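This is the structure I have questions about; it appears just below.
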Amino acid sequence: MARISVQREDFQIADEIAALRGDRTDMGAIVTFTGTVRDITGELKAMTLEHYPGMTEAELGRVADEAEKRWPLVGCRVIHRYGRLEPGDNIVLVITMSAHRHAAFEAADFLMDFLKSRAPFWKMEETDNGGQWVDAKESDSDALKRWD
Amino acid sequence: MARISVQREDFQIADEIAALRGDRTDMGAIVTFTGTVRDITGELKAMTLEHYPGMTEAELGRVADEAEKRWPLVGCRVIHRYGRLEPGDNIVLVITMSAHRHAAFEAADFLMDFLKSRAPFWKMEETDNGGQWVDAKESDSDALKRWD
Amino acid sequence: MTMQLVYFSWIRERVGKSEESMQLPGDVKTVDDLIDHLCSINEVYQAALGNKSVVRVAVNQTHVNLDHPVTDADEVAFFPPVTGG
Amino acid sequence: MTMQLVYFSWIRERVGKSEESMQLPGDVKTVDDLIDHLCSINEVYQAALGNKSVVRVAVNQTHVNLDHPVTDADEVAFFPPVTGG
């Protein structure tokens, strides 16, 4: 199974963990991050994710390579959805497996920080007032400095 | 459903996430940590976890309360198994949900650090040479200093 | 010199297309030169790319800075800061 | 003074039981006093609790230090450093 997937379809976290674990018993720590479509005000009808096919997969692969260089991971999986999603829907899944819990936590945190500021995705929010592109957050590029 | 469970039975991560999410759409980040029985040398037959019934639940509850005080979580779940487990089996599950990914990551990391040095569990490893109690790691008590 | 240009998000909406192939003068040597050239064509490109501080660029599907060279047959993509995850 | 004593892991194995109720002299005022008293009873307790640096204690299911007071009807648990997770 590919380590990186960019897809319209939803993912099943239990299936993804099981596929990554296989019958290995040499890891002790599995961390997952799931990002979901958030609707704080109750006004969001949908969120449409546009991406740059080809570059998205390449960029996620580079981020995953970098995480595997920095931490002793025995497994690493990234799935990012695109297309039209509704509040509560899954957007992204990151799984890291390691013998050591801090490595698994840090690698997943790192993957999300880099994915957020490198992977070529753009979100458009749709409400009763029409569509609006989401602005990038300053805090997301600031978050990268933690990993210098 | 209880926020804290101490049980012999295995857990299903997808069911636990679904139960914690319900139909909420106000969180954007879900972090899980799963700890599993690790067998590096291939000699481990089983791992038996003894615990202190009553104190275990109380201690895990105190750790979860502290996490909820420190981070804006919309959900928090801890399941810890006891009894005889085999290599690859699940031991512990922590789930944190928040509007913000760094809060979810930090709270899960914190919960595991405190659980490791506070929750009254003791592991006995069983190999062909008999049983042996696992020594506590210095690094686990050191890890707490990160949260001072 | 012929280049493949690709646009995303509100830059795509302002340019009015998602991609195009374009003949470029030989003095376009960097991404910066390319943006200046496009903005000089008409107000449509000016509205899409004129504010360079909010334009991000990839050459052959890799993030680059404004001083990155562009050459024949490159695929150059223009987009706002990314907002995935 | 009667106390409920509880043992876990290799301390339980060395004491040879998982719990017991014990009558204690009135001069046992702290956890530290209690360990000293138990070690004075015989070699079994000495082997289980003699090395205080590796003994952890909970009174009424809460972690405490050696100077913590113990009183009538307390549940006092002795165990090595925990290794869950």
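Order of writing sets the labels: A, B, C and D. Residues in every chain begin at 1.
Here, a contact is a pair of C-beta atoms (placed from the backbone, for glycine too) under 8 Å apart; a residue touches a chain by one contact, two chains touch by 3 or more.
It should be emphasised that the depicted structure is a prediction, and the values quoted were computed from it without experimental measurement.
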Set of chains whose contacts include both chain C and chain B: A
Gap in Å, rounded to a whole number, between the CA centres of chain D and chain A: 49
Distance between the centres, which are taken as Cα means, of chain B and chain A, whole angstrom: 23
Separation of chain B from chain D, taking each centre as the mean of its C-alpha atoms, in whole Å: 27
Centre-to-centre distance between chain D and chain C (centres being mean Cα positions), rounded to whole Å: 73
Set of chain B residues in contact with two or more other chains: 35, 101, 112
Multi-chain contact residues (two or more partners), chain C: 85
Listing of all chain pairs that touch each other, if any do: A-B, A-C, B-D
Sites on chain D touched by chain B in the complex: 6, 8-10, 58, 61-63, 77, 79-85
Complex interface listing, chain B residues touching chain D: 35, 49-52, 54-55, 58-59, 80, 91-92, 112, 115-124, 133-137, 140-141
List of chain A residues in touch with chain B within their complex: 12-14, 17, 21, 23-40, 87-88, 99, 101-102, 104-105, 108-109, 112, 143
